[in-house]
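One structure is given here, and the rest of the page talks about it.
Per-chain residue numbering starts at 1, and chain names A, B, C, D and E are given in the order in which the chains are listed.
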Amino acid sequence: MSLRTLTNNSITWTDLRKPTAGDIERLREQFPFFHPLDLEDCLSHLERPKIDEYENYLFIVMHFPVFNKATRRLGSGEMDIFIGRGFLVTVTDGILKPLVDDFDDCEMDEVIRRQFMGRGSYYLLYMLIDDLVDYCFPIVDKENHNTERIEETIFDGDARELVREISIIRRNLINFRRTIKPQMKIIASLERKDWEFLRGDLDVYWGDVSDHIVQIWERLEDLWEVVEGLSTTLESLTSNRINEVMKILTIFSVIMLPLSVISGIYGMNLSRLPLASHPLSFMIIIGFMVAIVVGMLTYFRREGWL
Amino acid sequence: MSLRTLTNNSITWTDLRKPTAGDIERLREQFPFFHPLDLEDCLSHLERPKIDEYENYLFIVMHFPVFNKATRRLGSGEMDIFIGRGFLVTVTDGILKPLVDDFDDCEMDEVIRRQFMGRGSYYLLYMLIDDLVDYCFPIVDKENHNTERIEETIFDGDARELVREISIIRRNLINFRRTIKPQMKIIASLERKDWEFLRGDLDVYWGDVSDHIVQIWERLEDLWEVVEGLSTTLESLTSNRINEVMKILTIFSVIMLPLSVISGIYGMNLSRLPLASHPLSFMIIIGFMVAIVVGMLTYFRREGWL
Amino acid sequence: MSLRTLTNNSITWTDLRKPTAGDIERLREQFPFFHPLDLEDCLSHLERPKIDEYENYLFIVMHFPVFNKATRRLGSGEMDIFIGRGFLVTVTDGILKPLVDDFDDCEMDEVIRRQFMGRGSYYLLYMLIDDLVDYCFPIVDKENHNTERIEETIFDGDARELVREISIIRRNLINFRRTIKPQMKIIASLERKDWEFLRGDLDVYWGDVSDHIVQIWERLEDLWEVVEGLSTTLESLTSNRINEVMKILTIFSVIMLPLSVISGIYGMNLSRLPLASHPLSFMIIIGFMVAIVVGMLTYFRREGWL
Amino acid sequence: MSLRTLTNNSITWTDLRKPTAGDIERLREQFPFFHPLDLEDCLSHLERPKIDEYENYLFIVMHFPVFNKATRRLGSGEMDIFIGRGFLVTVTDGILKPLVDDFDDCEMDEVIRRQFMGRGSYYLLYMLIDDLVDYCFPIVDKENHNTERIEETIFDGDARELVREISIIRRNLINFRRTIKPQMKIIASLERKDWEFLRGDLDVYWGDVSDHIVQIWERLEDLWEVVEGLSTTLESLTSNRINEVMKILTIFSVIMLPLSVISGIYGMNLSRLPLASHPLSFMIIIGFMVAIVVGMLTYFRREGWL
Amino acid sequence: MSLRTLTNNSITWTDLRKPTAGDIERLREQFPFFHPLDLEDCLSHLERPKIDEYENYLFIVMHFPVFNKATRRLGSGEMDIFIGRGFLVTVTDGILKPLVDDFDDCEMDEVIRRQFMGRGSYYLLYMLIDDLVDYCFPIVDKENHNTERIEETIFDGDARELVREISIIRRNLINFRRTIKPQMKIIASLERKDWEFLRGDLDVYWGDVSDHIVQIWERLEDLWEVVEGLSTTLESLTSNRINEVMKILTIFSVIMLPLSVISGIYGMNLSRLPLASHPLSFMIIIGFMVAIVVGMLTYFRREGWL
């Protein structure tokens, strides 16, 4: 069930999702001229994209960002492609949603199938990569949206939560850039190079994809700067809050400690305490205390602490 | 009402503000050779500027910074342009003030109209872009002014307010640079390229606009450095203030706590308290306390804390 | 025992581990045309890799990362190579595990020996360097794994331990990059240059090694960014924790200090204390204290501290 | 009085300081071929230097740093220059001291006048710019000196004052670099280009000026790094001081608070206090307190806090 | 005594240490074709190295790092060189130890003299610069060693001392790089250029010196990164320590303050204190206090503070 093939005009699109060794074996039978190493690559995870050129086909490995809603982390999904005159083979983990949707739509709906597959295998490849690249925009938008939410709450929000949010976005941006960067070279190669076995004249289309991926890259760069700025702002705010809290503690302690000492002195069990038996002693001492409080408050006000 | 046209000599300037689908339809009727995709673009918001070349006209998308006084945030406004021999079409949201003013002035005042439209459509485009670029200078000045105000108050102002101000300027500078940067390429293209259907010989003029936008860019770079420096200074000041406040609290606590303990000891309800019944007990204890205070103050002075 | 030689077809592989002056002397006898300076270099530690070209052989110095499990620090091991038609000499400290294993395997197992040595000395060199480069991947993986562990525990872990972990990874990444960077040039030279005395046609192989080492480099760059991000996050978290702790202390002190002062006042040994002999005096005072506590808590709640 | 002219051989040097519209009008009469826009520029302040080439003269705008002793801030002064065969016109605010001095010296002293004006207008321009560039060195030295003073006092000085000093130097360096940077291009143009109406063969001289201004630039770069380093050091020192102060407060509080509680307990007005009527009660309690103090001190010493 | 000359074969080496105006005069007599400006330069301190080419000699100014043991600061020493066919003149402050040693050795020992001076003046220059460059390695090693010592003690050492050490190393690295950087260009010039009056064929030798100085530069870059990392680590550690100290203070205060208040309440001199005359009042109150302590400790344990 995981190896499915669509045919339109004279081209076939074979799609493998989460291929087993058996699926690869069946693929080998169908396309005996595929290089064994490429078929092997389809079963393992590759870190970096590449284009391997052969006499009558290309083997392309690309990666696209995948957002995991549960962990809110951005990962990447791999797509392995065999393309030659009249055929396209896509091998994936099935987590690249646009590709899955495109295949399913082509399978269900003949109109869409003609639209995708009616102009040769190279055009079909363009359609798929274009969809995959365009699918990055909503992910950038999501990160952008999260950044803006942080921006709105940074002066009032829970600092701990904000640190966590910033660290998630920062990590996602790093992963995003790591995924996108090498794809830019691959797409630029597709734009520039010509292969005999692939119908050309798609330069304008690839140029368009290339523009889009550069746009994504530049927006990621901008976002990175914004996030770094927010991180600095949060740092400054926290320092400032520490300062504010410290001031309150200090003002209170500096006012209360002398009062404690004075009352402590008059609480000593000595045989003679000056003033202690004076009828207004309480009023005098309280007056003295009030004077200290007022004096301290005046001092702090003059220092600009209040 | 939103599609308005001015005519002078043999050129027409059509201006659309906040166009509806109906307006675009009327534009299509007027200029049937406009590419449908370009007309579509006029109804949506594009992230990046571009120049699309056609046989007999150019479609240009540009963005310019717009300052929102209410939020104090810097955004950007889009201008879509169709230009060919004898005509110029500008499509905007109506938030680019210089463009709005230029059109209104040309509509009202024949002298200005001749000045703008008397030398062909390409010159008219130059006049508009020149005004839009020059309008950036007061915005840079405003940010520069805000930066200088921060600089003046940084040693005495409310730190929380300063953090907020710095974060607003930093964000505005990021947005400003993001808006300006791609326009530099567009204007450089206008300076270098020649199109058959546009009267040339405006290189000097475009060179001038190009110089201006580079000046704006460099001033933004300088401002960025100044703001980063202020941010660091504020950080250092806050740390330093925390240190100062901590010192005061510590000095006070270190002096008062022993006094509290001594008076507390003499406040114990024990049957025998040494010295308690001595006639000078109060004086002795107070003297001891004063000695502690003086000793502590001497210590702190020697440590350079006072 | 430390100078061992393998022969296959017409090529010999001589391996020296921790060579003594005597070993080098014996090497000199065997290969009288080796430059004395190169032989001297084999006895000392060189900081930088190099390729010295001679009429009929190359002298190559390379370094590869070595992970010291005890200290968890990443160091580097040196490999000195003499290569010419029909012979390869490797001189090491014996700490480059892949090289040691390769030699031992070739010595033990004829199949492996044929595989390594069956296609000339230049191919043998490629096999060794390929193994050494590939051995870097698990080291990158280990650092990557450590980074991810930090990432998982950063919000709950022991901050002091996290600082230590981050500082170890940072140092290891610096050392790793310092070791890898100059090797990239050496391998690029091997890829580009041709030597008469070495059978060529290995460009594809060297290109492959080159790709791998660039991949390692790029992964190190990515890791560096992640680690810097974690360092910033930890800073922010610590500042935030200080703020939290300060708040708790302040809230407690600000509530308790006035209560202390009130009870202190009523603990004074004065002849007349207002209310003191009132039958409900205790209740009144406690009520007053409760009012203060409630008031303070209300204030802090309104300030968003609780 | 503000428009003054010197003549020597066949060249005239006209100097305007703080020109009024009237002065400019008189200049226009004297040099009717000056472009009106250039004359206008002389009355306003320009942000960026430039060289405008005309058929028979150059209009040059340059800026040089000016140190304001009162505010200790570094600003810049503008010099507008018209130069052609046989004449040089300098228009300034009169705040560029070297230019003012040069003119006054030439006016007073014939020997100096011959030295400056004896080799044509282009050589005179070189002499002036050379003096203006060389005048930057003492300003760099002053900033360097201030930096070194900070360096010497950073471990003992008043942190608040140091923050202020660093922020002033940082700002001055930004302004200095902003002023110097575009002049480098202007001087490089003077070095490379040739104008028919100016006697050439001054390449070596302009090269010399170019070297000097590059030297200034590089010293500013070095100073910037030093100042950034000092800023980081100050940050670290302040953090460290906060830590030290916190330790002292904590040690004191942790020792004193239990003593307070103990004495407080024995100060309670309960009918039965254990030990209270014991003849050695005071000694026992004080002994207990001393034990706590000794215990705490031992603990802190073991923790490495003392 | 300060002007000394060595002769070997047909070349002379004249060495001046701390030259006086008189020494320079004598040099002028000996070499009447030296440019007066160059001779003047020998008496002053130049900031930047240079090569001035003349018809029959070169005037070279170079700087090399000098370590001042007393202040532990890295400064630089200047060497002014006149070189032509058959002669070399070196003018220094006498603080460049390798040069001083080389001259003294050549003076004392004929073998060494022949080794240095037997192959022409250009080779002699190479020998001297090679020694001066190689002398940088132990200085780099010293800074590297200091860095490693910081690395070892950073988790336990005195933070104030560590800040000081880091700031010294950072400053030394800045000075070192400032000294080395421009020399790289000078040596590259010596490697590339050919002068008629100097026997060439030393390209390999100069290439070697060039390699060495680049190695030094790269090691300085690596060290800089390590030191920046250590600075960040120290920052994090200090923040963390502040947090730890704050926690201890807070825990203690939060436990002790309520006890103080309770004992204070029972210390009030009221006519009626509930429970006060109860025979177990002391036990009840102490029990209540213990309950508070246990409760607080439980709370802190659950919060992960203990």
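Here is the rule we use: contacts are C-beta pairs under 8 Å (C-beta built on N, C-alpha and C of every residue); 3 or more make two chains touch, one makes a residue touch a chain.
Quick caveat: nothing in here was measured; it's all calculated off a predicted structure.
Colleague: Upon omission of subunit C, how do the remaining chains partition into touching groups?
Modeller: one piece
Colleague: Indicate the lowest number of steps between subunit B and subunit D, counting one step per move to a touching chain.
Modeller: Contact-graph shortest path, subunit B to subunit D, evaluates to 1.
Colleague: Between 0 and 180 degrees and rounded to the nearest 5, what angle rotates subunit A's CA atoms onto those of subunit E?
Modeller: To map subunit A onto subunit E, rotate by about 145 degrees.
Colleague: Centre to centre, by mean C-alpha position, how many angstrom separate subunit B and subunit C?
Modeller: 41
Colleague: How many angstrom between the C-alpha centroids of subunit B and subunit A?
Modeller: The answer is 25 Å.
Colleague: What are the residues of subunit A that contact at least two other chains?
Modeller: Within subunit A, residues 235, 239, 242, 246, 249, 253, 257, 260, 264, 267-269, 273 contact more than one other chain.
Colleague: Can I get the ring sequence of chains, opening with subunit B and turning toward subunit D?
Modeller: Sequence of chains in the ring starting at subunit B, next subunit D: B, D, E, C, A.
Colleague: Show me the residue ranges of subunit E that touch subunit D in the complex, using the header's touch definition.
Modeller: 47-48, 156, 159-160, 163-164, 166-167, 170-171, 174, 178, 231, 234-235, 238-239, 241-242, 245-246, 248-249, 252-253, 256-257, 259-260, 263-264, 266-269, 273, 276-279, 281-282, 285-286, 289
Colleague: Would you tell me which residues of subunit A are touching subunit B in their complex?
Modeller: So the residues of subunit A in touch with subunit B come to 151, 154-155, 211, 215, 218-219, 222, 225-226, 229-230, 232-233, 235-237, 239-240, 242-244, 246-247, 249-250, 253-254, 257-258, 260-261, 264-265, 267-274, 304.
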